[in-house]
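In what comes next, chain A is part of two complexes: it sits with chain B in the first one and with chain C in the second one.
Coming up: the complex of A and B.
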């Protein structure tokens, strides 16, 4: 499978063996379940003061204590999982769709169109990802949906370039030549011939990029560009808790830890998929 | 023995050395002569008439510059500074300041009446080639009310006014009213901010933008040479880094500590928290041109709905106090009965809303997205919604927030903070609620209220009153009038900046630091 320059320089996680290989999938599955079931399993409303003191310590009633407003921290973290996954998975899905379409056109059509699209992608990639996302959020305003859009836009060039490389490799193969010789149009060639054959490596790459998207989203939320307080948002909770690090370190450590666990687990999942693809 | 190191080890060593040299400051505990003070940032341009970096500029300016008068925050009235005394004409329109003899600027230029006049002429003379574009100092002195300046003799500087202004001695204590060396001004012109020379207790030794300013004690300061030889104003923007620097002895004084950490710091050995008077007032401005807020009963409901105790507890961790109305308890013009003007009563708020048929009124509140503002936004949103409003808070970066704040078509409710550069009651009213101000026109849009004309007349009358007692009474009445007849803002709480000081240091002016002023000339070794 062709690899990007970023792939070549990416930190390789240690390889899990045996039953341990299941662990990241279990963790991701558990977090997805918790995110979906949060309204059912969270013991308290994540936004309302539950009548407990501010910064209450861990207790059976509040397993993660309460935050600076007397809100149940466990409930807030559970409810914060959903936005994190919506932003990271949604952004990557959108980036794959848009970047994939652009890259497919570029790789299959070739010629001046390919040159122009790739130069445009070069320009987009010359912006640091986080800066591009900040610019988008400044223009659109802060919200969870706009955060997803911003992260997606920052990832589109990556998938455009990857798809273009994959499509360009496929377009010279016999089955594509045969389809073209049979009189099928370019749209048919792109959608019915090339796309199905590059989808698998693209999705493998997408899994890995979800981790990057989650970190980008957390960083932007930390900067106050995500969900509007008091909506629970893990990145913003890290920031909110930072001020309290000397008196209630769990306020920043717990949401940070959840982000780290999700990113690590999804990275391991991506690596395993990559290995299966022979990457 | 093999003493060679790899390139990677060398890079790590160099990196570590660089970090160490940046972080290890020669604080007082280390050398016994340097006080390290934390700055949030440092633009490095100290042009006093158009501040380009408000927070850091004021800290440095207060330490290296002085004006005719000085507000030490321990006395309620302005004290002599470059002027050793002054006289006021019977009609209150002519002020003659006698300059202290024998003073010089940091560049040894003698300070006389002509030197002082040079600075004030620069504020008002638009043809002055050294005057910066968009200078706002003239307005801060009194604007059109200032008739002119004169020098009756070598050591007397005269300010002539069109109408009496009892606050002018206080205005002269502002950081933008400091005296600039005429020699430096002629030499550097519009670049004076980068080559700043005045006559404060410390003089600038070196400035590294976004890093630090090193200041040396000035021998010829009017109050005598400061006891501590050197002040290093070090950029440490992160509160967590400030607290660790305090704990490690690398930082001596800061007023940037979050309120939430005060108790924790107080428990640390070698550090004390000096609590100042609550000069910083926080208000919720209501745009009266918004249809829902055009009804004074709805505005009263907003004020009643605010849970002020929750703000004190959850936002300021107990380090704030209940407000009166506009004037804080620490200033002239406050009366204890003003607390009733800002009481919190959710049921009363709901009753007023029901009476006005305004239950469910949707309002948008704009707030800054950093510091304590998001916490404040959450408490205010919650308490207003409990009373029957449907409030949404928009958290904005500082630039966007200010742009929307000063555009009455871009906000409905907004937070406004007011500190006291000098604790004169007029400073709370004229700049924010006088009809000529952009604040009254755009933030509350209260100039459209019929009561504004009477408010203007009351502000002018109170400020023209020279008898302190009578003046105080007028400001007490002014607070009551504005709350009962207009209510363009809801007072939230009054607070202060917690001041953390190393036990090695004494004499730090906490009241000034608690409201963004920085007077370090009386700081001295603790023993």
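Coming up: the complex of A and C.
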């Protein structure tokens, strides 16, 4: 029976074909545009009562109705997109930078330093991810920026381990041996020889992790540990809406749906990059 | 193998010590907040100082740390600042609730994940395969807490099939012995507890179990497809073994080991997931206890909860690793 190449790989999403392959990129692009242009396209101030009744139903004036405080839900969702992207992309970028540096040192230097770093990573990974992030937020206080830091810290050990494995694989290659035999220092070997060769798989992996980071951040916001109200935050909006599900279930469904669409689109984009990488 | 197991066991208390220290430090990075929270309720100045002294918060952070570690090795987790309840007994009440939920979620995940994986793997490249894979990706991409709320809207508000809140209806009078409802039901002969409990646990378990089933589904699917290509399966087919028998006796058996490992690893993840499910469904487990304590800055309860969750997580990962070695003889010889 015919199986495509894609079938043989683990953790592969259904392969999109033709024009459908462009869809996730379009969705992500549209969401980014909406996030940047939010102040221009949002019809109302996201944190002020707009003078309409509370929990107004969908209407041309309020495409997504109003929330329990009489605020325009469409404007709030638009303004919530930016923080969601800042937190998920920022957290992964930070985790790749820090985890990548640590993993690179560990993989290239080897020896006792490697052992120490990897045991520290083991300890950090012995925490459930969400618990580690909660503790960071407790220590730093709740805010959108700290939420980004918390998610980043919970991802650092994962990238440290991945980078170390990639780096350790490169160190034994001939070109690294040659560089070291030519008398180049360890720093040169790390930065100029090993790093460029492991960067691509690392970045491809990072794209997929953005989805996980977005979900983690949304969950923390839901628990009340992200942005401070009344700032618009999609995770917290689900929480606020949950208290009103008997009257207006759409107020909790919509913000969560937006998170889900973003995560899904990012997952598909990451997968297409993975495919090109031949992973 | 013995050496490796020994090393992991030696490492266990070291890990737990670091975990406890991290929890202690994280909760004290914002000094005095708990007292301010409590203090706002007292108007008399003397009462506040007395409270600070009673809780040991007037001591230096090093003294507090020493006391904390001293109590910890005696399994004394202190008392709640807010309710005065003993944290160890609070953990004793809430941890079984979470374990119940995690096991129920695991059952859902296993049935859904393996079921979808076998079906997709048996017919790769077909419409059913594509559909099942899409479903698994969808489930993975949904925010867990939101999926739980959607389940509440559909099954509680619209259909009215399940209750939305808590672990047992308040009308049921339940004197806990082990705090595991199913075990207590057998010990006490209270089989009337089972159905209400099942009704309450269904939606939280579906929330955690379905959203985590994607990994297992994909692994099962790939396992089936890869195994079907091996020489011994071709031999079996050529011998004339009927198709279903090849599938269940030959392919399934060889896929089982990989599946078992993933289930073990996922059990740890379930603990993290149940934290969120417990909050969504007002389920009185240790995750919700810890989150509430964090939000209220109830240090003793928060650190007790966090340490117990982390310790449990570490133990499960160790047990998974060991059982994997036991199940796969190749690792036993190679792991020296």
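To be clear about the criterion, the second predicted complex is superposed on the first by the 267 of 279 C-alpha atoms of A that agree within 3 Å, B and C clash if a C-alpha of one lies under 4 Å from a C-alpha of the other, contacts with A are read in each partner's own complex, and residues count from 1 in each chain.
As a convention for this text, a residue touches a chain if its C-beta (ideal position, glycine included) is under 8 Å from a C-beta of that chain, and two chains touch if they have at least 3 such contacts.
Note that the structure is predicted; figures quoted are calculated from it, not measured.
Undergrad: Should the pairing of chain B and chain C on chain A count as a clash or a fit in the superposition?
TA: Because the two structures are overlaid on the shared chain, the partners are seen to clash.
Undergrad: May I ask you to decide whether A:176 touches chain B, chain C, both, or neither, giving the answer as first, second, both or neither?
TA: After superposing on A, A:176 lies clear of both chain B and chain C.
Undergrad: Have a look at where A:215 lands relative to chain B and chain C in the superposition and call it first, second, both or neither.
TA: It touches chain C, and chain B stays clear.
Undergrad: Is it chain B or chain C that touches the larger share of residues in chain A?
TA: C
Undergrad: Just chain B (first), just chain C (second), both, or neither: which does A:94 touch?
TA: Touch partners of A:94: none, neither chain B nor chain C.
Undergrad: So, does A:202 touch the first partner chain B, the second partner chain C, both, or neither?
TA: Once the two structures are laid over each other on A, A:202 reaches no partner at all.
Undergrad: Which partner does A:136 reach: the first (chain B), the second (chain C), both, or neither?
TA: second
Undergrad: Have a look at where A:81 lands relative to chain B and chain C in the superposition and call it first, second, both or neither.
TA: Touch status of A:81: no partner.
Undergrad: Let me test your reading of the model: by the given contact rule, A:245 touches which partner, first (chain B), second (chain C), both or neither?
TA: both
Undergrad: Should A:228 be classified as contacting the first partner (chain B), the second (chain C), both, or neither?
TA: Only chain B is touched by A:228; chain C is not.
Undergrad: Out of 59-67, 239-247, 257-265 or 293-301, where does chain C collide with chain B after the chain A superposition?
TA: The answer is stretch 293-301.
Undergrad: Name the residues of chain A shared by its contacts with chain B and its contacts with chain C.
TA: Touching chain B and chain C on chain A: residues 138, 224, 242, 245-246.
Undergrad: Give the list of chain B residues in touch with chain A in this complex.
TA: Against chain A, the touching part of chain B is residues 239-240, 243, 258, 260-261, 263-264, 313-314, 369-370, 374-375, 377-379, 381-382, 392-395, 397.
Undergrad: Considering only the defined contacts, which chain A positions touch chain C in the complex?
TA: 1-4, 7-14, 119, 122-123, 126-131, 134-136, 138-141, 211, 215, 218-219, 222-225, 235, 238-239, 241-242, 245-246, 249, 252-253, 256-257, 259-260, 263-264, 267
Undergrad: Chain B touches which residues of chain A in the complex?
TA: Those in contact with chain B are residues 49, 54, 68-70, 138, 142, 224, 228-230, 240, 242-247.
Undergrad: Can you check the complex and tell me which residues of chain C touch chain A?
TA: Chain C residues touching chain A: 11, 15, 18-19, 22-23, 25-27, 29-30, 124-125, 130, 133-134, 137-138, 140-146, 149-150, 152-153, 157, 215, 218-219, 222, 225-226, 268-269, 271-272, 275-276, 279-280, 290-291, 294-295, 302, 306, 309-310, 313-314, 317.
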